[in-house]
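Sharing a structure, written as structure tokens. Questions coming.
We just call them A, B, C and D in the order they show up, numbering each chain from 1.
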Amino acid sequence: MSTEARAQHFPAADWDGGVLPYRVGHRKLGMWLFIVSDSLTFSALLIGYSYLRASNVWPTPFPFYPSIVFSSVMTFCLLSSSLTMVFGVSASSRGDKDKARKWIFATIFFGVAFIVLHLIEWQHLIHEGLQPFSLPAHWVSTFTAPDGTLPSPLFGATFFAITGLHMFHVATGAIYLAVVAARVKKLKHEDVEISGLYWHFVDLVWMFVFPLIYIMSVDVGGALAK
Amino acid sequence: MSGEAHAEVHRHPAPTSFIRKYIFSVDHKVIGIQYILLALVAVLVGMTMSVLMRMNLSWPGTNWPILGTLFPGGAPDGMMTPEFYLSLVTMHGTIMVFFVLTTAPQGGFGNYFLPIQIGAEDMAFPYLNMLSFWVTLVGFIVILAAIFFSGAESTVGPIGGWTGYAPLSALGQIAGPGQGMGMNLWIISIAIFCVGSLLGALNFITTLLNMRTRGMSLMRMPLTCWAWFTTAVLALLSFPVLLGGGILLLLDRVAGTSFFIPGGLYISGLLSGADERFPIHTGGSPILWQHLFWFFGHPEVYIAILPGMGATSHILATFARKPVFGYRAMVFAIFAIGLLGFFVWGHHMFISGMSPYSAMTFSILTLSIGVPSAVKTFNWLGTLWGGRIRFTTAMLFAIGFVSLFVAGGITGLVLGQTSLDLPMHDTYFVTAHFHLVMGVASIFGMFAATYFWFPKMFGRMMNEKLGKIHFWITFVGVYCIFVPMHTMGIVGMPRRFAQFTEYEYLKSLHPLVVFVSIAAIATVLTQVLFYFNLFWSMFKGAKATDNPWEATTLEWNTASPPPHDNFAGVLPVVHRGPYEFAVPGAPNDFMMQTDPEPAEMPAGDGSGNGHNGHKH
Amino acid sequence: MGRVLAVIIWLLTLGSVSLFFVKKWWFPTAISEHAPALDRQFLLTIIVVGLAFTAAQVGLGYMVWKYRDTGNRERATYTHGSSKLEVIWTTVTAVIFIGLAVMGQSVWASLRFNEAPAGAFPVEVVAQQFQWNFHYAGTDGVFGRTEPKLIDDSALNFIGLDEADPNMKDDSVHSVLAVPVNRPVELALRSKDVIHNFWVPELRFKQDLVPGMVIKVHFTANRVGKYELACAELCGQLHFKMKSYMLVLPAEEHQALIGLPQDAFQTRVTELLAKYQLPAY
Amino acid sequence: MSAHEEHFAGSNKLFVSIWVWLLILTVIEIFLAYKPMPLHFMLVVLLGLSLIKAALIIAYFMHLKFERLSLILTIIPMLVVCICLLFVFFPDSFRSSDLRYKFKETVPAPTAEDH
């Protein structure tokens, strides 16, 4: 007899067994746990980034255009994708699978838009000469500290490592959602909800990557422009 | 989520084809056995390496013709090179820690018995479970690959110790032998392993929280389940950090970044940035790697021992025919160890150039973690007190566990003090410490578990006589191997030394070194008995009844070996705590968790959770 | 069976403990000011944990001896434990452990929480695979500039001394550490390549040399003589050979040595190495 | 289980308003980017804002606010504790810049050949 059925036959206290203590199915709980663990991977990387930044001369090279404009639009995309995702989920909770599918497609669209924009943004930087192991020459000259210490090439390293890993998550998320959208008719509501959890998590991570990587590295004085 | 759990349960009818049944099985029991077999193979590799290491340490410069033919590069005309030795150390440590002590206790026995002990038909995610195993196996294959493609034919793997300290591990070929391909493979293997363990961990947690059968309240779970649960939480929270670190380290090696490599390095005649052999590096911090590693590393050592502790408590109670002493205290202790385990990683870094103030904080936290461990020790003694002890092999190993854990644990209290770590760090005192706790206490836990659960797993008994011989020699053997290492450490013998011939002050230790090696070789050879007993009994052992040990927990309610869905369709209902032995007035001296309440039992006394003041 | 096990546990305990008490293998005699305090703390800790170890093992042996199933007791004692006991031994161990932890900080604090006392003798230590370089400031007490770019192994300029810097004229670099007795020594530790570890067992003193960092540590050696100096952090293939000596010299002899120009310094050190013997181990 | 379990609490209106709030906070962040202010102060403010955004996403989009308290108490504390612990790294970050070995760095060669 299934856990769930037994739960109804013998209503027991939450933790006495035979019930789902959180009233949450296995997959959903599992996804939550995965999110906890994965967010620690990102925390580790972001902490590492801050650690290195705090102990080095750090360039702040991002111009308003393209970097900030792009990253802001990307942020907008992700946030909106989260919104469409919730719409999708609540639609599916109402059993309106077609609506749900439409909203999920919208979400995927925003997700893909994010990736495309991000890749273009990468392109800009790579053309400027940014690489995982070196800064563009003119950044170096601009951001050299008064005492002659050079700006750290770790800028590129951390930038590509963290945004890259995040982009990877977005990509997998998009594929995951595509599968869900395709099978949405067969899937239980909770499975749609779970895919939503993952997607929001990807969005959540960006809420920290964006300020820490982009906003904190804005070329306020327009030093590079000069 | 209607039908949620339902769907999980009946996801897989008993498979028929050999492949689906024994290879790509989603049955937690088969997967558990697969993990154990993996550990048994890994430990063979690890032990062999340790023997080679001992040979090189105690008889340096001797010609071992066999080695000469086996490793023409590593042991030219039979004489081991230093880099060969160091790669042995690295692989020995890595394989033992990751592929023996993180697979067998958790993935192996945990996988097999956690669902049964909580009365579930299977893990929450059977397919994920299978995936975890195969991912882990890939990790193992990659680490074995590192033996053969280490990048220098004079090594059998990378040189970096199992801690892979940067920048040595980050610089690549120019840092010397053992820094080539082998190191990449090492990192990749660890990363893969992290993923595998993560998936495993969330599976364990979900299963335990969601799938306990009716009446199996948290405080009625066997201590083994508490241990596996806590272990899973530790894994879930510590492996991702190592994963992050591993990614960065790999980038340093392959993408020319410098997360862990500072500027201005000059190595083997090359200045950083001189040419493509040594690209420019600057700004990295070697200490960052140590933080990331040990943030994982210390919880990892508890991942290694908690399941052993659980099994020990379980087995002590069973064969002392007596409820676990202070069940609730034991649960709190397990949790305290798990929690504090995250607060002490810095004790590996006292001497690393870390801020001396953080060092002090870590030191004090480190010694406080001794308290829950002490509590467990005392409760184990309490469990034996007043018992009617049956000395089965499993029991012997469980008692051995207690003895060895104390022996190894107390030296942790020495190392834990910043001042005393000044002379002791990176000496054999450390080696002695962690071999006693991890190297053999945890392993004894696994031995106990094997002898204890074998009948359930294979429906046959293991040979007790052989088992006891195995115990006596191993028990005495490991003391002879690892206790003398303390004094070596006090004299000041450094770890990871290929030879001790260079130093005058170490000369006096030579007899001790030889003694240890002989003990080690003897002990390792004894393990043949274990392997023989194991595989012989699988096919030829005496048939086992369903409950040969007269134990009380759910796994003994079902057939040996259990049917595909563990309880043949009818899930047990639990009425009392896990260790109700010697209950006064009860028909016999053990009451299964499933036995209905007898009239004379005071109501609500079933929970077995340390109803204190209950002494007679 | 129970009896045998008990006896074996007791014998193993006896063996282990005696190994520590005969002290046939023990610390080499200490030669630094902080060492006695440290050794006392070590002894104290060893005694405490030794007692605990013995107590626990003897207890364990007693249990398996006394409570083995002799068949004449029908059932074991039925108890789920005692919260009183739990509280007692939790607090007791907590007090002991935290006590040890706090006491264990004093030496550490004295060494690491404060700068080297004024008038300490400064040495720059530059470790590399697999050798030690000790950079002495000479008579002027000022170190010459060093620059990784200037490192030139062929010219034996291992630490990249800048010839152009007047301060380096009287400097000398040697693979042997020569320090004055009874005077604080300040080491500025750094590494050219990977992590190494400065260790002299007699000093009861260890510190990693981390590339990219200059870690300043200090100690005071108080016994003249020649001592072995080891690298205690895995640094690659020849880690076990990365050996040198520390000479603790009488003040005037040390003064004279430091005054010498580079090449005279070399020869003098060689003489001194011959003059002083290692302690009898 | 009973139908109410199926039901996904929170009206679309609510979600839209959350979305608007998130956008507003984002705009504030971008605006702040161009306000010259001490770096660590900026950092604190930004992290504060990000935490609020994170909280909104977790609570409403990820729906945790509508889950059982026990679930919240299981998920959040362990995450918070671990992340806080990671901050123990920082003293050593400052330390490694204070104790950095100063030398004239070679300007990285123009990375033309790497293209």
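What we mean here is this: a contact is a pair of C-beta atoms (placed from the backbone, for glycine too) under 8 Å apart; a residue touches a chain by one contact, two chains touch by 3 or more.
Just so it is clear, the model here is predicted, and its values are computed rather than measured.
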Path length in steps (a step moves to a chain that is touched) from subunit A to subunit C: 2
Winner on C-beta contact pairs when B-D is weighed against B-C: B-C
Where subunit A and subunit B are represented by their mean Cα positions, the distance between them in whole Å: 34
Chain centre separation in whole Å, for subunit C relative to subunit B (CA means): 30
Whole-Å gap separating subunit C and subunit D, where each centre is the average of the chain's CA atoms: 43
Per-residue multi-chain contacts in subunit D, two or more chains: 1, 5-6, 74, 78, 82, 86, 89, 92-93, 96, 99-101, 103-106, 108
Per-residue multi-chain contacts in subunit C, two or more chains: 148-149, 212-213, 215
For subunit B, residues contacting two or more additional chains: 1-2, 209, 237, 241, 262-264, 271, 280, 282, 284-285, 287-288, 295, 353, 357
Sites on subunit C touched by subunit D in the complex: 146-149, 190, 212-216
List of subunit C residues in touch with subunit B within their complex: 1-2, 5, 8-9, 12, 15-16, 19-20, 24-28, 38, 41-42, 45-46, 48-50, 52-53, 56-57, 59-60, 63-64, 67-69, 73-86, 89-90, 93-94, 97-98, 100-109, 111-113, 128-129, 148-149, 151, 153, 160, 192-195, 197, 199, 201, 204-208, 210-213, 215, 228, 230-241, 243, 278-279, 281
For the subunit D and subunit B complex, residues of the former touching the latter: 1, 5-6, 74, 78, 81-82, 85-86, 88-89, 91-93, 95-96, 99-101, 103, 105-106, 108-109
Contact set on subunit B toward subunit D in their complex: 1-2, 209, 233, 237, 241, 262-264, 271, 273, 280, 282, 285, 287-288, 291, 295, 342-343, 346, 353-355, 357-358
Residue ranges of subunit A touching subunit B (in the complex, touch as defined): 1-6, 10, 12-13, 15-18, 20-30, 33-34, 36-38, 40-45, 48, 51-52, 55-56, 132-134, 150, 152-154, 156-158, 161, 165, 188, 190
